[in-house]
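Each of the next two complexes has chain A plus one more chain, namely chain B in the first and chain C in the second.
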Partner chain A sequence: MSANLLSIADLGAEGIEELLRLTDSFVEVSERPIPKVPALRGRTVASLFYEESTRTRLSFEAAAKRLSADTMSFSVATASVAKGESLRDTVVTIEAMGVDAVVVRHASAGVPWQVARWVGASVVNAGDGCHEHPTQGLLDCYTLRQRLGSLRDRRIAIVGDVRHSRVARSDVLAYTALGAHVTLVAPPTLLPPSLEGWPVEVSHDLDGVLRKVDAVEVLRLQHERQIEALVPSLREYTATYGLTRDRARLLADDAVIMHPGPMNRGVEIAAEVADQSRSVVTRQVANGVAVRMAVLFLLLGSGSIR
Partner chain B sequence: MVRGGTVLDQLGRRPADVVVTDGVVAAVGQGLQAPGGARILDAGGCLVSPGLVDLHTHLRQPGMEEAETVESGGRAAALGGYTAVVAMPNTDPPIDCASVVRDVLELAAASRWQVFPAGAITRERAGERLAPMAEMAALGVRLFTDDGAGVQDSRLMRRALEYASGLGVTLAQHCEEAGLAAGGHLHEGAWSSRLGIPGTPAEAEELMLARDLTLSRLTGAPMHFLHLSTAGSVALVRSAKAAGLAVTAEAAPHHFTLTSACAASYDPVFKVNPPLRDAPDVDAVKLGLADGTLDAIATDHAPHPQEAKELPFDQAPPGMLGLETALALALTELDLTVEEVLALLSWRPAGIAGLEGDHGGPVAEGRPANLCVIDPAATWVVEPDRLASRSRNTPYAGRRLTGRVRHTVVRGEPVVIDGEAQR
Partner chain C sequence: MAERERRTTPYGGSFVPRSRVMDADGVRRAITRIAHEVIERNAGLDDVVVIGLQTGGVPLARTLVEAFARIEGVEVPLGTLDVAFYRDDIGLRPVMPEAVTDIPAELSGRTVVLVDDVLFTGRTIRAALNAVCDYGRPRAVQLAVMVDRGHREVPIRPDFVGKNLPTRRDEAVDVHAGGVDLGDLVRRREER
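Right after this comes the complex of A and B.
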């Protein structure tokens, strides 16, 4: 593993496996009465969030704290960005304060790559525009493995706004690296213009796909205004691509239902479906902390986690 | 006196010395005597060509002097072998009336570089009302364009073509259908999809090109097409020329040397408009340059300050430097003879710009001495910090190229000697 985590593609199957194994240990740590280890004592992790995201930021900060790292938090609303400071100046300034890792979230694809060129600290991509969200990809793999065991030859459907989804891009790379068969299900307007090089199948028939899969991942409809231009209406979207109660009955009893959150209940997923025992939405969040502990530990740690 | 080289122009190739007096070629021939007190430029092993002519330079003045000025851009041009450049009108204010044309001409005169402003087709380049083309044409403007954007309104474009034909000037289009291109920052395709960056489809360029070819047929007015970048565009121009339309077209060096895969680094230095396309487009552009479908190589030299190119990819402005690397890229990357490359860089663009009286050769007695002495075998490495432009946004940093400008002579003045700018 390099000193950065920018893309799932950098990890390969072996890197993913290593992180998932490490996550097991941190899940165990999280279940202790005092869920904390001294592994990153004296290290500093800065979170640099140029886009609102409560859950990912809290998850990274919880992960850093459980590893005993110091944390610094930088959010757009209160920051020098509002005073016109450039991205480069901001990250160089933060690095000058002595940080070992920078966790970056930005609405523009590629910003973590730019940041990595400017700083020597480790850079973790916490979501860049419509590109990638590698720790989400890892925690989705981890969560699925808890339910399904190995992902090899498992069939997974990813449903919804793949075009704008960084989760989908990371998940496709991660699931297929672990040997799963992925089917993207969406209207053509919500798929990327080209799927050249993507090891996936595509379907526009959600009912048919649901009957055959081991897991279905429902994507959030992210940009409601954009979506309105890409599908005739949210109502029609829900009718054709929403995981409604009726449609969820087509799934096998032991199929897994996932959603990266936050959910638009009643739009891409029915409230009752999200709350079914087959749904692992809350489990995804819990695993997120352990996965991010594994990532930070692997990037910054040198010793044993015990 | 340029001594010991091989003159190469539209008349062919011949070993000859060139004697220049008072800014004019006084003699061309072998074994000429240098006049008393003459400065001798050694051209041994070199080609002596008419100076290059760039149809597409953004000099950024007035308004964006941090990025480039007429002075700095003129120097960069001279180092690249250019003796004349056409300055695009998307300045601030835009070159859309006589007074701004006069401003740029004054800057050019003060800098003593040969800069020829293009005028805007519409006021403020807003695509709504015709700019006063006659008053600009009266000051010598031969080429009009809203470059940076295409004229979207078909009726307005038709009127512009009709009006221009009465002035004997040429309209040049930046082909980009705004609706289809909206929100794009990269060529739409495998890379934009993978990288999560919204793309601009090739068809956004081809759609406007096809419309304009139709309008050129309707009005009988000649047109020039800027920076064509797709295989479809090359095919459209090829068939339009076969049908006898009076159209010309150019391609930029980055469109025959780089592809959209460069954006995988997310470095905005690779962001340009039209965007870098895919390998089949690169091949088609090369073929178009080889078979005469594309008439000229034009740089689309587009300087931007460092901070602008450190924005996120989707916020950074499009554009790349080009003046100091175009000739070497063409010599290195195109499967063409030097004669063919120079035709694309010198005499053909001179004709399109209406500058053939003074620029683009031939190298003959009585002609203005605008010359470029090229060492076709010299290799060099592009170093951004050594460029004369005020900006550094070259996508070719570290690239090894073959072919180098040794001397440039503008109106008899040696402005570049042994690769060094003299002013």
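Right after this comes the complex of A and C.
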């Protein structure tokens, strides 16, 4: 892999496997009395978030700190962007302070690629528009593997607002790279305009799909991306595509329920379903820190890249 | 020249053995002796925990624990430790963990016996000492190695040694199931 993590597609099956193996070691680190190793002492990780985020930003920050890296955080509300500075000037300024990695989130697809062209530091894509969120794809794979073992020939459904979901795009790439079969379940208005070249099946019959899958990932309905015009009403969406209590009964007893968070309880997933023992929502968050430690260590510490 | 055996090493390149300095029986006897020395030094095995360093120290640590069971009839807790995240050459060369660390017992107040195959610069042991301290505060840490080949770069010495083996800096030592070999490390780009 390159010195950046921009897309799951750059990793390939081998790169994903390597990161998941490395994640095992960091899960062990996270369970220690002192969950911190000196691996990245003296390195600096800057997070550059042009979009609101709590869990991803904190998760990257925790990962960097547990590797003993120094962290700098930049959020739009308090920053020079508000004074009219361009993205490029901001990025170059931050690099001039001496950073080894930049974690970028932006509302526009492709921004991490742009940033990678401007800086010598490693760039990690923490979500670009409706495009990709590679570390979420990796942590979802890791979490599924903990429950299911190998993903080869497993059937996984991704349900909901696929159109606006960078999680769905990274998940599809990661799951299929590891040999799983993915079915997207969504109303036509919440599917991307074209699915050509996507290695997935599409269904509008959630009940039928749930009976056959090993895992279901429920996506968040993204109010902030103006979906009101795309669904008749939230209540109708829940009735047709929500993982309600009754619908969850169609799942196998050992099926895995996932949600990338933050959840709209009662909309895409019933509160009670999110708290079932089949649900790994909290596990996903815990694994997220270990996966991001693996990514930062591989990019900055392992020396297997430069 | 006859084709010589090559073994791959974790960090690239391969090990080419030149002479056998200890056979399998020799290694087994050395571990039995070290087991007796550990028991004598600690007046028994109360509170002793054995930790093998990945990867070469792990099979030796297992054999040592088996020897304890034979001699004293007690089961000593056995852990494995990968020091990759504590190394001082991170960023200077490829550093990746070989396996997940597994410390099955509380280390605080216990006597930890670290086991490795070859003691060379001492840097791995320096890293291991830091790692162990992240799991607790042992009462004492002791070091057992199969081969001490000299050339220390930090002030670290072993407590129990299988064999003192004078070497040149550019030589390599390989401890494996069949014994101990002295030979050369051939870097990948020099390989033909």
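In this section, the second predicted complex is superposed on the first by the 299 of 306 C-alpha atoms of A that agree within 3 Å, B and C clash if a C-alpha of one lies under 4 Å from a C-alpha of the other, contacts with A are read in each partner's own complex, and residues count from 1 in each chain.
The rule is short, and it goes like this: a contact is a pair of C-beta atoms (placed from the backbone, for glycine too) under 8 Å apart; a residue touches a chain by one contact, two chains touch by 3 or more.
None of these values were measured; they are calculated from a predicted model.
Legend: residue contacts after superposition of the two complexes on their common chain; A:L87 is shown touching chain B, with no touch to chain C. Of the two partner chains placed by superposition, only chain C is touched by A:G301; chain B is not.
Look at A:P33: by the touch rule set out above, it reaches chain C but stays clear of chain B. Of the two partner chains placed around the shared chain by superposition, chain B is the only one that A:S194 touches, whereas chain C remains out of contact. When the two structures are aligned on the shared chain, A:R169 is found in touch with chain B, with no touch to chain C. Listed in rising order, the residues of chain B touching chain A in the complex are 188-190, 192-199, 201, 265-267, 307, 310-315. Put simply, chain A touches chain B in their complex at residues 86-88, 106, 108-111, 113-114, 117, 128-132, 166, 169, 192-198.
Taken in their complex, chain C has these residues touching chain A: 82, 84-86, 90-97, 100-102, 130-131, 134-136. Interface of chain A with chain C (complex): residues 22, 24-25, 27-29, 32-34, 36-40, 67, 297, 300-304.
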